[in-house]
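Okay, so here's the structure we're looking at.
Chain lettering (A, B, C, D and E) follows the sequence in which the chains are written, and residue indices restart at 1 in each chain.
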Amino acid sequence: MYLLFYISGAVAILATVMTITRLNAVHALLYFVVSLLSIAVIFYILGAPFIAALEVIIYAGAIMVLFIFVVMMLNLGERAVEMEGKWLSPGMWIGPEILAAILIAEVVYLLSRPPVEVHAIQYVEPREVGLALFGPYLIGVELASMLLLGALVGAYHLGYRKPEALENPDADNTDATRAAAGGDLVRAGHDRPAGAA
Amino acid sequence: MFALGTIGLLVRRNLVFTLMSIEIMLNAAGLAFIAAGAHWVQADGQVMFLFILAMAASEVSVGLALLLRLYHQHGVLDTDSASEMKG
Amino acid sequence: MISAAGLVAILPLVLLAGTPVALMLIIAVHRSHRMALGLTLLGLAASFGSLWIAADVVPQRVTALLRIDQYALVYFGMIIAATIAVAGLAYGYLEQHAVEKEEFYILLVTAALGAAVLAASSHFVSFFLGLEILSISLYALNAYIYSRKTALEAGIKYLVLAAASAAFLLFGMALIYAAVGTMEFGHMAELMMETAGPNRTLLLPGLAMVITGMGFKLALVPFHMWTPDVYQGAPPPVAAFIATVSKGGMFALLLRYFYRLELHNYAPIVAVFTIIAIASMLGGNLLALLQSNVKRILAYSSIAHMGYALVAFIASGMLAVEAVTFYLIAYFVTIIGAFGVVTVLSNGENDAESLQAYRGLFWRRPALAGVMTAMLLSLIGIPVTAGFIGKFYVVAAGASSSAWPLIIVLVISSSIGAFYYLRVIFALYAGAPETAERPAEVAPRMAFGSSVLVVLTLLLIWLGVYPAPLLHVIRAALPG
Amino acid sequence: MILVWFIAILVVGGAACWVVARWSTAVCRWIALAVTAADFILSLALWIRNYPVNLLQQQDWLRQVNWTWFPDAGIHFHLAIDGLSLLLVVLTFFLGIVSVLASWTEIREGVGFFHLNLLWVLAGITGVFLAMDLFLFYFAWELMLIPMYFLIAIWGHERRVYAAVKFFLFTQLSGLLMLISILALYFIHHSATGVYSFEYSDLIGTSMPLHVAIWVMLGFFIAFAVKLPMVPVHTWLPDAHTEAPTAGSVILAGLLLKTGAYGLLRFVVPLFPAAAHWFSPVATILAVIGILYGAVLAFAQTDLKRLVAYTSVSHLGFVLLAIFVGNKLALEGALITIIAHGISTGALFVLVGALQERIHTREMDRMGGLWQTIPRLSGAAMFFAMASIGLPGLGDFVGEFLILLGTYKVSVGLTVAAAIGVLFSTLYGLKFIQRAFHGSNIHHWELHDLFAREVVIVAPMILILLWLGLFPQPVLNTFTVTMDKLQQTASQQYQAYEGGQQ
Amino acid sequence: MLELTGVIPAIPFFSFVLLAVFGPRMARRAVSVIGVGSIAASAIVSGIVTAAFISTPPAGWSYHEVIWQWMSVSGFQADIGFYLDALSVVMVLVITFVAFLIHLYSTEYMEGDEGYSRFFAYMNLFVASMVTLVLADNLLLLYLGWEGVGLCSYLLIGFWYTDPVNGRAARKAFIVTRVGDTSMVIGLFLIFHRLGTLNIQDLMNRATLQWPVGAAVAVAAAALLLGGAVGKSAQLPLQTWLPDAMAGPTPTSALIHAATMVTAGVYLIARTHVLFSLAPPVMLAVAVIGAATLLLAGCSALTQHDIKRVLAYSTISQIGYMFLALGVGAWSAAIFHFMTHAFFKALLFLAAGAVIQAQHEEHNIFKMGGLRRMIPITFWAFLIGGCALAGLPLITAGFYSKGMILWGSWSSPQGGPVLWIAGLVGVMLTSLYIFRVIFVAFFGEAQIAVEHPPRLAKNLPMVVLSALSISAGWLNLPPYLGNKLWLNDLLYTALPKVAEKQVGWITEDWSEGIITAAFVLGLVLAYELYLKHRGATRPLSDNALGRAIHELWYADWGFDFVYDKLLVTPVVWFAQVDKRDFIDKFYDGLAALSRACYRALSATESGRMRWYAASIVGGTVVFIFIVLVL
């Protein structure tokens, strides 16, 4: 069990490193998906199978697809890769790495001080989650729906373009689809209570 | 992972990567909640993750919409090019 | 699960939430800017009116997430009133732009809802959700005039940075949760009171990261960088909204959280806030010193003003909550007024943001210049304006708990601040009076905005001269 | 109630001026004149009716108005008048008339707004002199800044923005320090008595440890010292004076500076007797430095207004000296100086303004020999210059003499130094006359001598200075009771404090 | 009749107001009538008052009248009040009368001047102030008059204001005397502080009661008052202003800088004689100052060639005599000399003025000559004045008054041979320099044609003053002429008699004889050097030492130079350096600092999003660090 935990942890970190260092956006996305999948494994190990499933379906599935759509649509080719290469001079990394290193050091410090006793992993059943969600967190759900509503309207407004302004009808279609999909996808996740309140 | 996301945020100029980095950070935060929830054996952590998920999705949708706008108007995704305003 | 009383208590929120939904339905049927505005105002007014209904049943805990008490209602009132003003200002502004106008109100009210949730939240979940509702709407609002490059830039910057800071916030929450084992403030406070106490090495960094999230929204140094760019890029009404409603909600939450958990006992946290306050006051004012873009000036000044409010907050004496709340109200009125003038002066092509646009305004449009002057004087803290009483209160709060160093910094930095406000004021009155042509009449579409300005100015003076009734209300409202 | 009228008339009159000026600037000017004159007559009537019986027998206040404002915080709208305030108010309205008349032809642009500001700044100053609630005092204190700022910034001369901003920042910063002190005092009083009050009479006699009192006093002191102005916080003054329009300079020199002196008299010494006593060596030495430094710098100037401005620094040094010397002789002298300086310096500014209107410069290098063409103006200027250098028989002398007489009891050294300051004043006074009016008319000015309007301004000022110089007793009598009281309170407090120490 | 006292200063004051306000629009005639008439009226009133005072002396030979209370503040009281006793009566009478004559003279002297009414206004104001000074019952009012005359002196010296040189002289006079005034006013503070009053009679009574002779405080008080007297009366070391003061119109020089104002110091000391008596060191100082001044000024007078400067130094020197008299306690002698000096010096100046106007404003005596025949009245007037000044025995007033002073300086307890010899040398010098002028200017060849010969308005005062210069001496006849000391007897009602110590081998007659000898010596020398052998002085001044001495004397012993370097230059230098007020630099620095901060900070607002993010991350990192460490 622990072994699995550490392996998937290592994979996640490695994949993330790859994600942020890739020049090609599609490559990076693929690494990111790997990372997400390994995190899903970790979730599972931590006793959250429902979340693990959601991670795979929504995160790796829906959100990443969204990204890929956009990247593909923009058709970032060789040129973009070149440019990225130029932008990413080694010097660029130093500052952020120092910051991040300190951050990690701090986190490591605070995690190492009190030895984390790893409890026997107990599963928290999806049922419990569901009960909590529609019990104490009912208002939270309602609010989340408002959140999504806001996102929907916002994305719609920004994405919408008048037909005569179009230069690239294809892209527009993709846009609209994506925007709608974005809303729908998530809504599908937990059954939006219509009408809110 | 959180730190890596941070690095990505700071280093990459391409808006796509910036958004991705944010996703990484959010994911890391979610992971932390799950871990904490597991630690206390409560459902709360998972509930929180769900909300994070919703938020990440909305964030990405609006973010990508903006990204498209930017690309259509300027043809680049460089965050630094969008620095008209300063001082 | 939710008692009847609880439902009554959240009535203002329900009405706020209902308004965008209703709006969306109306838009689906028939697009009309005027109708959208009317409905928005109606919804907001209803929500505002329901405050009195809710006032009868408070304090009331509505699930673990929300705590509606007098305090929350006061902030609801502030948020709703500010939203009404912003909506009024936005009407004329939007009329000048060739975009779909109706969604603006949906987003605006949604954002207000987020802020209101923040003000009432007593749980990390509602905290987080409120914050995100607010943020998401603001992303779109910032970039609302998307044909403008600056607007787009503002939207992107705000989005990325807000999301990043939200990530920090979440991580911080996770750490706190890991340390304490609950996300409900009251419970958290009880657990923290226990003799053993929580794991400080998890708790304190967690708090620090939460502060990052809050500091971002409040535009406090060093999380302030986005402010000028966003204020500049966003439509002026939206900038007013960001400067007031979003900060107000967050400050309400900050106060509640802080008091509930009695974080004054944590010296490191107080130290962090002290540093932030000092840096914000000095940084904000110094940054604005020679700035020539009015929107940016207001942005920087808002940084500084949040710093002032923090002084009272840190002082945390008996007056602190009172002082902060009043200060925020005064600040709301003033900033909305100032951005209102910017709005009214803007035209379809450009927002009135360069100082040049204000030169000699007094000789052309004395009333408008008068309003702007009143607002700026209020920002300086000159008597007869609300800003004076606000500043008086803040200093009083500081003095009552002997926070002398902070007050001294406040005094020095506000003098620096006076410098750039005076520059703006001077611009308003500069130029030879007789060369200025007779006042161009206020554009009819701005009539609505103008009347909002008149109301704000009257409010400003009323609060500056006779704030006793309001103070009475505020005094009764302590965060629970 | 009359006290409220004083302020209300000005405020309403100012607004009326602004409104009316859209149609007729002349009417606007007449309204302003009528308003100030009405107030002046009212205040004069108040004085005459109460002189000397009521003034000499007054127990508390001659008149007062006390309305609750913020009940919870113990803030009242409390105006009150006694001999001290009365005189200053009379001076305020008199100089109000002078400044309205002085701007009659000088101000041609934005006439309405100008008079609005002019009358409002007078209202603010009146408020400062009458407020007996510290909150209200601070309110008025800050309020008078704004119109003054506008007067300088809009109708000033070449470097008006710089001067206006400098003026504003100095006074604003120091005002905030005073706010801190007011609040500190408020809370100290509360913790001692459990009562929240900004009331002057309540706060007087608040006991506190010396080291606390010193800090709290310093807040007040700095605010007033900046206004006064005391070296080394005086540098706003030459700029503000120089750049302001005539009326602005008159009000600045004649009234605004006096609010600082008034504050020291009314608040610093009575509220913090022990601290003031402790601080008096520093203050008096600074005062003397100011006297000398101001005089020497006045001598160095070639800009007439700047010159006069530095003389103010010097003269107000005497006032500061007197207040911290603190015996009655000096205090009465201080008040005479306050009034006489208001008149003489005000008149000098009026004349310099009149000159500038004619020749469009204040540089003495561009003048010389003006006596030839404008003898009356020159003669009047000489009169006021002589008053300013302390010629006996004129008002300033009485004040300075009494101050030095009082100072002598405390410190011979300071007296000698200050007397040397008087000697230095001769330098600048004579330089002023020489460079501007004597010498030969090398620039061949052909100017119009004093207009009737200007004579109307200047003649009463000459008479008042003579009156103050030769028969100051009515004035002295008017505030003698107040002074006694202030001094008694101070010394009682001080003794109580000393007693407490033993 | 004594109630009229207050009228004496009031008339000229109101006439001043009248002239100041309406003068420029008045006809010259009207100006003359008002200007001269007021002084005449004043003189008549003072004559009446004097007559009344002498004929029916008030109780205690003093009359006190308070016009109104000036100020009264917590123990300090000063009145506008007049005090009349023998001393002030004599002074007032002399002042008003001489002033009247000089005013009369001025109507002709100033007739062509455009500042005609201004001149009379100033002159009237001067008389008013001077009379106030003399009549004041308290030191503060005296100080008022004191400063008033100073002001008028300033105004009149700089009367012809278009020439900056005059302005400079005027300012110098005002400032230098004000140095003395400052000392005096400090003396006033001291006196009030210790004695509780500034009323002259009260303070003298209290001083006698409270202070023993030689008390330090008495010395201080007297010394401070002396400072004032020295300044006003142009004594060492503050004498430098008077020669320059000759820049004013000659009537001014006659009235202010010869007859009246400059003797105010003498009056002050005589008025407060009790204080001085209580302070023997100061008395000695007064005497020494007097003696030194009369010698130094006499030497300087020898070298001048401006006729008015000669007279100016002569004035300094003569006041030195008065100081000498005061210093040895011969109060009445000083006043006697004041009176005679007022007459003959006024006469000399008036005559000199007539000469100057007749000679096209020429001041240099060496460019004049032969005036004896051309303007005979003036010549005779000048001659009589000169003789009186030099002390032509028996005939002239100067002889009597000077004789009395010298006798006092020998015979009084404070006196001694040194002072006496100094006075004697002074007599010789006086005679030498004044006859030098007479011989050079009035004898010899005519050089400049005479213009504007004096007419009646000029001649009449000269004649009257000539008569007075001779006859005034008879008011105090020395022992060998019957010892009729009318004036002294009058003055003794107000001033103590001069004490006589045991007399040495010289009697008063002897003293007078020796003075005569000194006078003759001077006269003969002058005759030899300046009339008989013109240019005989050249060998004296041709060598280096001679030239140096000449230069030194000519430049008033270098006082001006020293003051300039020591006092004036530093102040002016500092003022110039600090014109822009270096304290302001500090605030400018603050402003610059703020601007620098602004620039630094606004550089951080680069507009680059990643940098903004870095700031957020950095802030968080730092704060986490802080919370962990604290």
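By our rule, a contact is a pair of C-beta atoms (placed from the backbone, for glycine too) under 8 Å apart; a residue touches a chain by one contact, two chains touch by 3 or more.
These numbers come from a predicted model, not from an experiment.
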| request: Moving only to chains each one touches, count the minimum steps from chain A until you reach chain D. | output: 2
| Which chains make contact with chain C and with chain D at once? | E
| remark: With centres defined as the mean of Cα atoms, the chain at greatest distance from chain A is chain E
| said: Using only alpha carbons, which chain's centroid is the nearest to the whole structure's centroid? | reply: D
| remark: Maximum number of contact pairs occurs between chains A-B
| Rounded Å distance, chain B centre to chain D centre (Cα mean) | 63
| query | Measuring from the mean C-alpha position of chain D to the mean C-alpha position of chain E, what distance in angstrom results? | reply | 38
| task | Measure off the straight-line distance from the CA centroid of chain A to the CA centroid of chain C, and report it in whole Å. | result | 30
| message | Centroid from C-alpha atoms only, then distance chain A to chain E, rounded to Å. What do you get? | response | 102
| task | Would you mind listing the residues of chain C that make contact with two or more other chains? | result | 125, 129, 132, 136, 139-140, 143, 146, 155-157, 160, 164, 168, 201, 205, 228-229, 291, 419
| Which chain B residues sit where two or more other chains touch them? | 2, 5-6, 9-13, 18-19, 35, 37, 39, 42, 44-45, 47, 51, 55, 58-59, 62, 66-67, 69, 79, 82-87
| said: Counting only residues that touch at least two other chains, what does the list for chain D look like? | reply: none
| query | Inside the complex, what are the residues of chain E that reach chain D? | reply | 20, 24, 68-76, 80, 118, 140, 143-144, 146-148, 151, 154, 158, 161-164, 167, 170-171, 174-175, 178-179, 181-182, 185-186, 188-190, 192-193, 571-572, 574-576, 578-579, 581, 583-584, 586-587
| Residues of chain E touching chain B in the complex | 602, 605-610, 613-614, 617
| query | Contact residues on chain A for chain C in the complex? | reply | 106-107, 109-110, 113-114, 135-140, 142-144, 146-147, 149-151, 153-158, 160, 195-197
| Touching chain E in the complex: which residues of chain D? | 166, 231-232, 234-235, 238, 296-297, 299-301, 327-329, 332-333, 369, 371-372, 375-376, 379, 386, 391-393, 397-398, 401-402, 404-405, 408-409, 412, 415-416, 419-420, 422-424, 426-427, 430-431, 434, 437-441, 470-473, 476, 480
| chain C contact footprint on chain E (complex, rising order) | 594-595, 597-598, 601-602, 604-605, 607, 609, 611-613, 615-620, 622-624, 626-630
